[in-house]
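A, B, C and D are the chain letters, set down in written order, and residue numbers restart from 1 in every chain.
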Amino acid sequence: MDYLLFLIGTVLVNNVVLARFLGLCPFMGVSGKLDPSIGMGVATTLVMTLGGISSWLLEHYVLLPLGIGFLRILAYIVVIAAMVQLIEMIIRKASPELYRALGIYLPLITTNCAVLGVPLISVREGHDLLQAALFGFGSAVGFTLVMAIFAGLRERLALASVPAAFSGPPIAFVTAGLLALAFMGFGGLI
Amino acid sequence: MSSIGIASGPFAHDRSSVNRIMLHVCLALAPATLFGLYLFGWPAINLWLLTCASALATEAACLRWLGQPLARLQDGSALLTGWLLALSLPPWAPWWIAVGGSVFAIGIGKQLYGGIGQNPFNPAMLARVALLIAFPLQMTTWALPQPLGSAGAPGFVEGLAITFAGAPLADGMSGATALGHLKTELTLGHSAEAILAGDFSLLAALLGNSAGSLGETSELLLLLGGAWLLARRIIHWEIPLSMLLAVLLLAAIAHQINPGRYPGGLYHLASGGLLLGALFIATDPVTSPVSRSGRLIFGAGCGVLVYVIRTWGSFPEAVAFAVLFMNALTPLIDRYWRPRAYGRNARGKPLPVGRQTNPLNQEGKP
Amino acid sequence: MFNLARIRGGIHPAAHKDRSAALPIGGLPLPPRLYLPLRQHAGAEALPLVKVGDRVLKGQLIAGSPAEMSAPIHAPSSGWIVEIGPILAPHPSGLTVNGMVLECDGEERWIELDVPANPFDESPLVLAERVAQAGIVGMGGAIFPAAVKLKQGTRHEIKTVLVNGSECEPYLTCDDRLMRERAEAIVDGARLIQHILRAYRVVIAIEDNKPEALAAMRAASEPFGAIEVEAVPALYPMGSAKQLIQSVTGREVPAEARSTSVGALVHNVGTVYAIQQALRHGRPLISRVVSVAGSCVNNPRNLEVLIGTPAQALLDACGGLSLEPQRLLLGGPMMGVALPSLQVPVIKGATGLLALAPHELRNDQASPCIRCASCVDACPMGLLPLEMAARARADDLDGASDYGLRDCILCGCCSYVCPSHIPLVQYFQYAMGKQDERRSAERKTEYIKRLTEARAERHAQEAAAKEAVKAAKRKPADKPTSEVQS
Amino acid sequence: MLMATLALAVMGLLLGSGLGLAARKFAVSDDNPLLKEIEGLMPGSQCGQCGFPGCGPAASALVEGQAAVTCCPPGGVALAEKLAELLGVTLDAGQMSAPLLARIDAAQCTGCTRCYRACPTDAIVGASGQIHSVLRDACTGCARCQEACPEDCVALVTQAPTLDTWRWSKPQAV
């Protein structure tokens, strides 16, 4: 039950995009169409969950025992970047379709600040291994949820007659703000 | 190779129009509004007039600025937005809440997206949430009902002072809403049953004689208006039904488990803006799904969120948040829950040729 | 009644049928000239078989069908062919179509008709061929060659022949009057079709707002057990084949399939009557019943009209116009088309001629969609008209297709109920036209590619042949050596 | 310090070799399938209206982004839309001009067969000494015949709409 609440909390209440403001570049960049945004979300979920686990292992079995915690950011980046490379290769081999859909955004996952930020937050909060994994997974699910919602909204906006001055990114930013407003309702749930 | 100006059929029409729909909704809101205005007196009347007028003014300014025909003002949508916003505000709120809310609702919530029909979020609820977060104090100061002409009721001039000069409410004049009261008392460790037994009267709540925003007080009059809209087929039945059922069901289950912590379904139904939301706000066609299954899901989602946020969240009232969140989900619902097309299965594939059987109606006479 | 399935959606437009339905089918004086488009049917244009100046007799074949998917055209009256060339088409564009102009001599002299003895003794294919030769097309407005449908039907197991007497379009009463006045002939025609298709049963489906037609058809079909007359609810678009099949048999025609795949075939009562006339009396299709109605017409009624009669003559026969109509329509107000002028002729698929005043018409001032979903509720096909139109507007043709454009029957229910007065059907027509354009461009590219390849191959062969000739010329000199080698 | 350097070096070594192995295991051949696909889409009449020597070079120019998706008049809007989708660019349909077709002025034609021989798609029919005419369905509007004609009697014209090519226009925007 605790873990379930923990998960809901990470997905909705402390949503990685709308409450922590991490991962904003893919949030704006890949959300034009629904299918790629869900693909991006799935890829990110994979990376973040694995990233959560591997960085926890790195933290507790390498960095802390060796007393080199100050290298945390550097080490995390190296591990996560390597993992993204690996996943990119696998996707390219397994599903050229998905690879073409995600295009240049797959390497972008490396520089998705959420991918680095989530493990760092996880360490700061002192999670255990399961919590770290859940935290990574939950954050990514929250990310995917928001991506999907936002992509759905943007697909509709593409058909709306938005005034010329606001069409495109401006109205997308306004919408993102209003979406965050809607998510504020979850405040205090956990 | 083209045909500019050549009209295509059909040439007949059922004479429906957007402004008739909007005016029907306004008319359905009228009884509950009039009663609310009577209950809360002159400040409420000022507030209501101010909100509607500033909504119309904002709409007119935006139409002018965007170079659209001013005749669009007549479609009644801006009036309805202002009206709904007024109904969701504390009745004695100061003037700038009304004006600011209207400008936000029409300007950002609606015209920024291109005007009527283009907005993804319900403008009135957007404004209410924005106001609630920006001005929590003003948005949660509830006047107690003081019907026009009753002893303590403010007169016309005092009403103006309350609305425009920000005259502070006297101590005896303000109170908490039923939901807010319950929330506060629960955190103090009292049991729900005891709290409700002491202060909550179902009958008063249904009739509307309790603190709250202008439009959420008289449940019976709201039901009356909603039933009329349903009968005129202006709104669909799916959203109100599934939304109310979801709240009732969750409340009943929770009440069974722990009556000391969770009040029953009727309490939820009769308090706050649930009925106003279910009948008039969630049913806004622009921001709700178009298919029947989609509307059922939308309503149920609203209901669940209302209950969850009311019970465990930090806000005592949740209709606005729930509606906004489900508004955001509407494009996805519309995409995945479509009606089944003739000759196709639910997933959009053609029905198999030749091996179709219908148990209800075989070939030939039964 | 109780075994009828409910169809989805649909609308109940005001019928406006009373005035024209009250009067019997009338005639009109022979017009001086008849205008005969060479294409009054779906498929290939008919080819003229006569020359300018030729004298023709009533019922004489004057244009033949070049393909299976076509229909021949017969002279509606006797006279001379005075012109073969472009004439104004009964089409909203106001463009012309190839056609013939027949100057009537007023004698109405028939050609000698080949009257078959007993059609029930003949084989189905022979009968279907006779229908083809009579130039009969779907008279409910679909203008699909009737014989093609019959021949397709003979290749499938047809359980139910549906005779479509629903006539769901407002204003139109031509089928209603035809059923009241010529019930025996229609029942006879239905039996002939049953014979051709070897169908198990025939259902004559009539909307329940036509009690007289129902009574007349019931009386006429009394002696024949296999023929049922069924009242279907008055609901537009009940007359659409898919909806009628669902309503009567309870089965849906699978998407992208024909109605024969569920063992049903639908023919309009007008078509059935024309088939009966052809098979019993040898008469080709040269006239039809047309409803002349609308509030601008002085005396709305049904007229039996020779094909090719200009619209103006019909209005004159109904007492002329009481006021200037806002719009002239060929067909009903839901699926009919606006006419460019009163000079256009009546064609085989013309069900009605309407002269409508402004108060009977849709408001042309569209406002933005408010997603009220009225169109979704009204759509008899279960589609999402608002999404289709939004995508058509953004030129997202694949998106529009995905939201149902591929299944749309253009019935217009969505437009009828739209509170924003959005011309949804025109958006669909536009998108379908674009798709059509795209397809024909693809076909052309394909064709050009084939031509280019063929040309390249021919050039290669020619070059090879030249090379061979050259080699042959050289050969004699080479010959001795090759012999030595071998 | 040493520890930190060592740890990072070991990590880099391990991850690098892991990635190297993976790259070998999940290797994908790198030739561009796009080029073939686009070549297949082109009309193949080598008419040269795009400004490239033929359909093949045009396809590679398209892949490299040197040519606009609207460069092929014979392919029309249909081809442009497909190319735009394949290449991931947005198409402004307004850029496409209406397709032109050749028309031979019968009064001036001497039946010299030069246009007939120049036509890359065999769209001109007629024997020597007889008046030639153009087949609508096969003409790409490439203007080769116009260049070849000694009498200057070939004109490139837009098609007049007929009932078959007439289309409904988009309703005026709301």
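Assorted remarks:
In this text, a residue touches a chain if its C-beta (ideal position, glycine included) is under 8 Å from a C-beta of that chain, and two chains touch if they have at least 3 such contacts.
Keep in mind it's a predicted model, so treat the numbers as computed, not measured.
As a matter of contact connectivity, taking chain C out of the picture leaves the rest undivided, in one piece. Look at the CA centroids: the one farthest from the centroid of chain C belongs to A.
Separation between the centroids of chain A and chain B, computed from CA atoms only, is 33 Å. In terms of their C-alpha centroids, the spacing between chain B and chain D amounts to 54 Å. Chain B and chain C have centres, each the mean of its CA atoms, that are 50 Å apart. Centroid to centroid, with C-alpha atoms defining each point, chain A and chain D lie 41 Å apart.
Shared contact sites, meaning residues of chain B that touch two or more other chains, fall at 3, 6, 8, 114-115, 118. In chain D, the residues that reach two or more other chains under the touch definition are 161, 166-169, 173-174. Shared contact sites, meaning residues of chain C that touch two or more other chains, fall at 93, 367-369, 393, 420, 423, 426, 429.
By the touch rule above, chain B contacts chain C in their complex via residues 3, 6-14, 16-18, 20-21, 72, 75, 77, 114-118, 236, 285-288, 290-291, 334, 338-344, 350-354, 356, 358, 360-366. Across the interface of their complex, chain B is touched by residues 34, 148-149, 152-153, 155-157, 160-163, 166, 171, 174-175, 178-179, 181-189 of chain A.
Residues 3, 5, 8, 11, 13-14, 92-93, 159-160, 170, 200-201, 242, 246, 249-257, 261-263, 327, 329, 333-338, 356, 360-364, 367-374, 376, 379-384, 386-387, 403-404, 407, 412, 415-421, 423, 425-426, 429 of chain C are the ones that touch chain B when the two sit in their complex. Residue ranges on chain A touching chain C, taken from their complex, read 158-159, 161. Contacts from chain C toward chain D in the complex involve residues 39, 89, 91, 93, 95, 97, 366-369, 392-393, 395, 420, 422-423, 426-427, 429-430, 432-434, 436-439, 441-442, 444-445, 447-449, 451-455.
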